[in-house]
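Order of writing sets the chain letters: A, B and C. Residues in each chain are counted from 1.
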Amino acid sequence: MASGFSDYLRRDLLLAYRRRGEAASPLVFFIMVSTLIPLGISPESARLAEIASGIIWVMALLATLLSTDGLFASDYQDGSLEQLLISPQMLAMPVLGKITAHWMVTGLPLTLASPLLGVMLSLPEEGYVPMVVSLALGTGCLSLIGAVGAALTVSLRKGGLLLSLLVMPLYMPVIIFGSATVQSAIDGFAWSGPLAILGAMLAAAIALCPLAAAGGLRLTSIN
Amino acid sequence: MPNTPLLTVERLLFERDDCNVFEQIDLEVGRGEIVQIEGPNGSGKTTLMRLFTTALQPTSGNIRYAGQAIDLCRYEYLSDILYVGHQPGVKMTLTAEENLRWMAADCSNSAQDALAAVGLAGYADIPCYNLSAGQHRRVALARLLMTNAKLWYLDEPFTAIDKQGVSFLESCMRDHIRRGGAVVLSTHQDLTIDGVRKCIIVPHGDQGGF
Amino acid sequence: MNWLTNWSPSWQWFHRLGSPRWFYQTTGRWLPWLSLLALALLSTGLVWGLGFAPQDAKQGNSFRIIYLHVPASFLALAGYYIMAIAGAIGLIWKMKLSYMVMKSAAPIGAALTFLALFTGAIWGKPTWGTYWVWDARVTSMLILLFLYLGVLALQYAFHSNEAGNRASAILALVGTVNIPIIYKSVDWWYTLHQPATIKLTSAPSMHSDMFQPLLVMILGFYCFYTVALFLFTRAEILRRERKSTWVKELVIGAQH
């Protein structure tokens, strides 16, 4: 049984590729919901510019949250999670592989599509580079934190809603520093500070979240 | 130590929510042996399999592999076992061959040959969502031809497979014990292999019943 | 982890501490004294704080709600750590009692967090002219309430007690790592966005006549928290151990 980091990274990418339509839905959600904002608030570009960075970050968060639910669900249902749990290697590594694949399928496309939304929401010019960089780091954090919630709720029948309740409070620092990075740049301040903190949070999450998620996955054999 | 049994289970108990699932279990499985776990529905056969595969931790009692507690030789033990559970662990979007190669990555045998042996010769390139439940199980059972594991744990391996499948599975087990391996399986079906030892598990608080 | 518990005789006390029966009997002896102490401290503090402490120069009498608000916020945060530590002990040493403590700490902590938010809102109306302000401390408290609710919801979502306990212990631990980060980041976020209308960040330096009753109230709340935690845990013990002989004897004894 293959059970290293790269094995699971490759497998999950292949699985996502085979179901491209499904894998693309967070991105579609991200773009579609963001277009509701001008309809709901105002099409005036000055007003949109003011809130654009926050909106894009909140939408990225929600899009990631929606897709986190499925991170371990299909493995749990078809029994391959059971096999993973009894593989001799350390469980955190394949889990990290799966999370990385999840980020590459959701967080990375969101990051790359964000300039498009920036244009649509008339984000000021100075905001683009910080937005892309902060989203790249921040969505990584979101995938990692979300994985802990997904692991804890995978064996529950209605885990999806509970999952969002669990991880939402944990997401808050990420969104604070993420949107602050963009806002600082727009306001003409140095934006390396909040970005550095975002990077530090990502580093801590890489170290801790796979362990917590692995602990959560072990509960599936009890329930 | 050729005489040490491959698997030794001593005074094994498992509590679920402060209640024992089954009465204490003692069991030895030597090389070249097949042990059939029997018990009524809900007696904890799957729980026992999960205890054997370390997915669950026993409340008390010991499980030893070749004389050593499995906590102390976890890597070695888990590398030497193979477990086929209720769910086949087959990914629907992968083809039969991809699934098999994934499940048995450390084996040099050809996945094509293994699939042919379980009667899925023409199906190697077909995504598994086009296959039936029985065929999924066959894909999972093809792993038995592609493994170096010494100890097999098969949880209800005969569900959803036909007569041919059953005889294929039995021949696999025969070959395996001839090579010095051992099999622990749970099933209600009687095997046609000679020398199968039975281990009856008694659900906790059960005074005989039927 | 077996070596930890089998290691030496000095761990015996730890094992005894893990026995629900021992806990039930010991806390049973402490409870009357602790309840008396809590009652005495709380009533002294309340009468002193509400009746005799001097008025605040700027806020008048409305400041007096801090005698409930501040102790509740203290215990709300401390309670999260108590819950998380109990959960960690349960995960590491597989101690049932400590899961019971964790399970009991969650609703108490959530209630105290809610009390802190509620009294804060009441205080906010005369002070800031509105019930709700996105102030750093208020926001952190709200997030703390969400964290508590998550642990509570997860606890009861599982069929198996064991799985529920372990899941909420893991979540509580993850939350523990996050709480300092959340507090710091909310603090920082607030300084960045501070609205011009609210300038109450520098807390008015407190006169010692106001501070002493507050101290009494905080001590009283700690005692009250301990009493509540004991009572919840004892109820949980009886529920979980209802099949054991000592609980049966206890119940029969109580009926006579």
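Rule of thumb we're sticking to: a residue touches a chain if its C-beta (ideal position, glycine included) is under 8 Å from a C-beta of that chain, and two chains touch if they have at least 3 such contacts.
What you see is a predicted model, and the numbers here were worked out from it, not measured in a lab.
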Which is the least count of steps on a path of touching chains running from chain A to chain C? 1
Check: interface with higher C-beta contact count, A-B vs B-C, is A-B
Average the C-alpha coordinates of each chain, average all protein C-alpha coordinates together, and give the chain whose average is closest to the overall one. A
Where the centre means the average of the CA atoms, what chain is farthest from chain C? B
Chain centres from averaged Cα atoms put chain A and chain C apart, in whole Å, by 32
Centroid of chain A to centroid of chain B, CA atoms only: how many Å? 37
Mind checking the centre-to-centre distance between chain B and chain C? Centres are C-alpha means, answer in whole Å. 48
Going by the touch rule set out above, which residues of chain C reach two or more other chains? 160, 162
In chain B, residues with contacts to at least two other chains: 16
Chain A: positions in contact with at least two other chains: 222
Could you pull out which chain B residues touch chain C in their complex? 16-18, 71
Given the complex with chain B, which residues does chain A contribute to the contact? 1-2, 7, 11, 14-15, 18-19, 74, 77-80, 82-83, 85-88, 218, 221-222
Which chain C residues qualify as touching chain A in the complex? 91, 143, 146-147, 149-150, 153-154, 157-160, 162-163, 166-167, 170-171, 173-175, 177-178, 181-182, 185-186, 188-189, 192
Sort out for me which residues of chain A touch chain C in the complex. 148, 152-153, 155-156, 159, 162, 165-166, 168-170, 172-173, 176-177, 180, 183, 197, 201, 204, 208, 212, 215-216, 219, 222-223
In the complex, chain C residues that touch chain B: 2, 160-162, 240-241, 243
